[in-house]
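Please find the structures below.
Across the two complexes that follow, chain A remains constant while its partner is chain B and subsequently chain C.
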Partner chain A sequence: MRKITMAASLAVMMTVMAARANAEEFIVGAQLPLTGTLARVGAGMQEGVMVAADVFNKGNGKHKIKIVTIDDESAPAKAVAAVEKLASEGAIAITGGYGSNNISPASDAANKLALPYITSGGVDDNLVNSGRKNFFRINNTAGYEKAVLGTLADMGAKSVSIIFSTKEATSDLANSVQKALAAKGVKATAHSFDPAITDFKPIVNKIRLQDKSEVILMVGYENDYVGILRAARVLKPPVKALIGVWSLATPKMAAEFPDLMPNVYGTALLPFPATFDTADGKAFAAAYKALYKKEPDYLGQFGYVQSMLLFEAIARAADKGTVKKGGVAEELRKTDRETLIGRVQFGANGDNLNFVHRMAQHQGKNIVIVWPASNATGKMVYPGKPW
Partner chain B sequence: MSGRLEPSRGWPLFVALLAAGYGAVPLLFGANQYIMSMVVAALVIGCVALSWALLGNLGGMVSFGHSAFFGVGAYVSAIVTLKAGLPVPAGMALGGAGAVVASLAMLPVLRLRGPYFALAILAYAHIFRIVATEWTSVTGGSGGIGNIPVLPTPLPNMFGVDMGGKTGAYLVILTIVLLFALAYRAIRASHYGLALRAMHDSEDATRVVGVNSTLLKGLMLMVSAFMAGVAGAFNAHYLNFLEPDYAFNGVWVTLPIVAAIFGGYRTIAGPVIGALVVYLLDQLVFKALIPTGHQLVLGGLLVAMIIFSPTGLLPLLQKPASKPGRNDHA
Partner chain C sequence: MTDLILQALYSGLLQGGSYALIALGLALVFGTMRVINLAHGELVLLAAYIAYTVESGLGLNPAWAIPIAVIVVSLTSAGVYGIVSRIRKDREINSLILTFGIGVIMTNLILLIWKADVRSTSSSWLQEAFVVGPLYSMRGEAVFFIVSLLLMAGLWWWLSRSWYGRALRAVSSNREAAKLMGIPPARTELVSFIVAGMLAGFAGVALYSYGVIQPAYGGALTVKAFIITVLAGVGSIPGVLLGAVLLGVAEALTVTLASSALQELAGMMLFLLVLFVMPNGLMGASRRRG
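Now for the complex of A and B:
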């Protein structure tokens, strides 16, 4: 019996090895900012891309994915050059890109080379409204807006002060939220700031003395949040909550700014410590921890989802023999499945039709998902301020 | 395009460089989009470096605000071609003209010298960036402008090599740089150039003999602005995308300064050769060896160059042939 079992095991191993040896390998290009101003977010997405390749290659004996990464140095011209170099090295599609200003010319270059381009790094709506045929995006401003408005509605806030950077993505989101709040009868006062500004005390003081709002909504980036929260900690405006969007509800922010983050809200897909219920989620978390020896974050999660959808589309196109005939983009357009960021379906313009973000709150050392109720891992602390 | 362009030994080298630029490079690398992309990007930086060096060498002014001219040129050309439907070459010329108009706003700071002028012009660059961000109805605001008309292709096909796309763009920017270098040389050889050289030795003395130094410096600022503006316009049509942070980014002044100093900013060819060497070495060699963090090697190389040859690469290469003359600075 033991001999039979050994022989069977050997046969299975040989079959698997043979399948792996015969597996068709496809090169996928990862154009990412690993240095420059977007290095941190680029590195986060890169981790997700590599985890997706690892999970896909382990679970798919028929097709293999090889990732070739080029650092675009957070510069548009180098992003274009990176896509062109990846194409010359045999990449059949591009995953990655961060910052709409880098993604736009890079995806144009990919479009000219007939390469599908999938990203989660740019929420500028021009990206999906400029007629790029092979462009796909799994997140968008609308999804962030839903999370912010949903949280404010749950809080029952009657007045909100919006502090936003004049960059495109932040302006778009702030303006959309302001309009939506005004339509609901919520008093929304907007304060724009130049991205170069580091001292937010004048704006926060204006909110404290003039707006007297219940909630401060921050629409900016990491450094902006830190500046606003520091100013708020000094001036102590009479607010009940401080909400931000991307790059705020992360374990990194909690660890680096323990005095500024308590009770602050930010969009996040994952609680911390991260928990996963689905098989896909568990595979992601296990591979992530094995590769990077740390808890996964939302950047990795986005990178993972966009890449896994692309790899699956490549596999389907390969089965049909249409990889070199535009089949990958065609298969991506047919995508309709539940992922770690929810259901993904692409519209005619390549945008994800179903994207809705989640809102989380820093509570102690944990990050708790508080909106929507279906994904909540805890209750919101409201009123709640860092000071 | 040699350093001093002396007829006896400069022209053969110049002709050889022309042959290499217009013949060898497209034939050897025309099919490689990545390398052509790198060369085009290096020449854009070289063009701005040339304009920066002209202002420093002939005008005696150190500018930290050339990104203002680059950005204004890019925006003017993008807007007039996209919204008014002008052809791209006309748009690029208007881009240069727009940068000249922008330089007029800087005339009041011409009376400042040294770091005061440098800081004042840097402030102008920030002002123009904010104007581009806030003037949403014209510039598209922080979202920028997409789908900018592409560069026209000069020669669709030559000797069986596809001259469209990257190669076409390369030929356009190469021609622009060449024309600017010849213009620089003509200015330097003219009596204006003589007066500007005299101003370097003693501005007060030249004023005493009737030279209007402020006017001359203003003219150099305008010429320099035009060059940087055309480079910005080219880049906008090459990338087909523009936004304020990119168009007015500090990199459009820091990298050209590095390139100009590396190549030798007191020569005509130095800034362009500096840009080609610095950018191509960094992107094609150092980046291949160290995918992330390759800038460290470049930084070390720059420090070594400044220590061992403060006048730059080109004067270093010319040393065995001739010792530096008294008028090398101009």
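Now for the complex of A and C:
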């Protein structure tokens, strides 16, 4: 009996030691713009990355993830340098990146170093069509376009004025939407603007006096939206709705610009106040609030999803002993998982096959999901404008 | 079409006033010391963030931030002078590098203190429409356009009538000769930096009152101010107003008659055209006479 007890104890000890020997800490690089023009979105994504590491490390039990972050200062050359430095510090994969012009060279550098690179910060389709083998992204222009077109179709809009920044991602989306609307017989007039401009009154005045459209679609960033909405508030064009895309239907915008946001639409995955009904969502929200003492936003959500998918792929590859043999990218390719942003599966080019965004509207102090009907948390107020 | 063009001219005029207010401080320092303060945009931005703090923290209209912004920014500007004045060789070139570095440090300090979020006034009063016949603007724009004109008139008066103003012009004209006339060049230059800081204080509060601010915005403000300063003709205060208004109107007309994507290009074309035809800038000749 004594021998059996000793043998059992030895077996348990060996099992524990073997498990410890297999449990590894993996370094994942986060290349993010924490300063420069993209600092805000970079900081938002980093919050999601850190929350994912926190949730993964608490819940996985076996493998641990250590995040090493390098600020790429919103500059392509610095983004490349960041990836190379992260690789030299032992990173086995990269999560992050914001802005297609930064992600493109950075992911090229990662590709040369055979590091998987996953992002939600670049919607330029060249990113997935240029033959990068280890590149993955969870969102794309097509998903934004579906949300915008779906909402406009529900509104029954016959004419749309599109105001868009000449940056690559915004131009791509605006041109794509304009073509799709024209194909449906909707009159779509486009007004491009240089990202440096601050006075949008001359553009809005053209919409007021010439276009006389039913809807204004804004494809830009937060500072552009504020400028356009301000100009619209002054000139009061005869529109029925104002729609934007990213960074607009957010609690932050509602809190910072309460007078400009009422009835404005924007893409959003979550209503506000945020509600999570899945275990994954609840874990994300709890960890986010614990770490950052605020409500989670879409940037954090995207950063969380992309990072969690990567960490899970690392864990699976580690279990198979293939981390250093291209196993992480292999596991990412096999991903088929329901996430906070919907089902994620990567196609041969690394793009998420299933991405469809949702459209929300600022209603009072809340943000209500109004499209698609299957995810709606309320009805759209239409016609509805901020003034 | 007439309505469109009239509105473009009006918007351009107001935008020009805003540009002029931003450029005044840079033009003053450039005119007197031949130093291009590449941290000037960050000084304007600092004032804008002070206005944001006063509004969000104390719930006051941003205009109440003017005294604090003017004091803080002029002291910061004096600090910049303190560093620049230590340059012993090739001041024109070395000051460029030095002030660029100061600008980078200031941008990052602003980022650390106020974070990267987009900020703008929430004052309804400043944002409401100010309508003159068929012309529309924000009330804040109209108010600060008038402030801009008053400040320019005050600066012009100060430079032409006060002892320190004339001393500044003397140092600008010939530093050594001014010294022989009993004018202390270092103190005079410090005064020009302090006055430039005060003007940047006003400009920042104005910018926050009708525009949008972000920590990385300082560089763009400096570039715009520099273009106007060169366009104006070195040291010319009326030239700053003329250059700024021309730039604002050219940009607004480009948006109205062509595309807003071409607005920055139109501004640069105007800049190159003026310099090609008038190498000393719009008011360069009058400066030489002065």
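Convention: the second predicted complex is superposed on the first by the 365 of 387 C-alpha atoms of A that agree within 3 Å, B and C clash if a C-alpha of one lies under 4 Å from a C-alpha of the other, contacts with A are read in each partner's own complex, and residues count from 1 in each chain.
Criterion: a contact is a pair of C-beta atoms (placed from the backbone, for glycine too) under 8 Å apart; a residue touches a chain by one contact, two chains touch by 3 or more.
Keep in mind that what you see is a predicted model, and the values were worked out from it rather than measured.
Put the two structures on top of each other at chain A: do chain B and chain C fit, or clash?
clash
Looking at A:343, would you say it contacts chain B, chain C, both, or neither? Reply first, second, both or neither.
In the superposition, A:343 touches no partner, neither chain B nor chain C.
Would you sort A:234 into first (chain B), second (chain C), both or neither based on which partner it touches?
Second partner only.
Classify the contacts of A:77 with the two partner chains as first (chain B alone), second (chain C alone), both, or neither.
First partner only.
If you stack the two complexes on chain A, which partner ends up touching A:252: first (chain B), second (chain C), both, or neither?
In the superposition, A:252 contacts chain C only.
Given the touch rule stated above, what does A:35 touch, chain B (first), chain C (second), both, or neither?
Both partners, chain B and chain C.
Taking the superposition as given, does A:223 touch the first partner, chain B, the second, chain C, both, or neither?
Second partner only.
Just checking: does A:168 make contact with chain B only, chain C only, both, or neither of them? Give me first, second, both or neither.
After superposition on chain A, A:168 lies in contact with chain B alone.
Of the partners chain B and chain C, which touch A:194 in the superposed model: first, second, both, neither?
In the superposition, A:194 contacts both chain B and chain C.
Counting only touches as set out at the top, which of chain B and chain C does A:203 meet: first, second, both, neither?
second
Thinking only about the overlay and not a real complex, which stretch of chain C clashes with chain B: 9-17, 81-89, 135-143 or 153-161?
Once both complexes are placed on chain A, chain C clashes with chain B in 81-89.
Indicate the residue numbers of chain A shared between its chain B interface and its chain C interface, in ascending order.
35, 166, 194, 196
For chain B, which residues are in contact with chain A within the complex?
32-34, 37-38, 41, 44, 126, 130, 133-134, 141-144, 146-147, 235, 239-241, 243, 245-246, 251, 283, 287, 291-293, 295
Give the list of chain A residues in touch with chain B in this complex.
34-35, 69-71, 75-78, 80-81, 84-85, 87-88, 100-101, 104-105, 108, 124, 126, 130, 166-168, 171-172, 194-196
In their complex, what parts of chain C are in touch with chain A?
So the residues of chain C touching chain A come out as 3-4, 7-8, 11, 15, 107-108, 111, 115-120, 122, 124, 127-129, 136-138, 210-212, 214-216, 220, 251-252, 255-256, 259-264.
Mind pulling up the chain A residues that touch chain C in the complex?
Answer in residue numbers: 35-37, 39-40, 42-43, 74, 166, 191-194, 196-199, 201-203, 205-206, 209-210, 222-223, 226-227, 230, 233-236, 252, 256-259.
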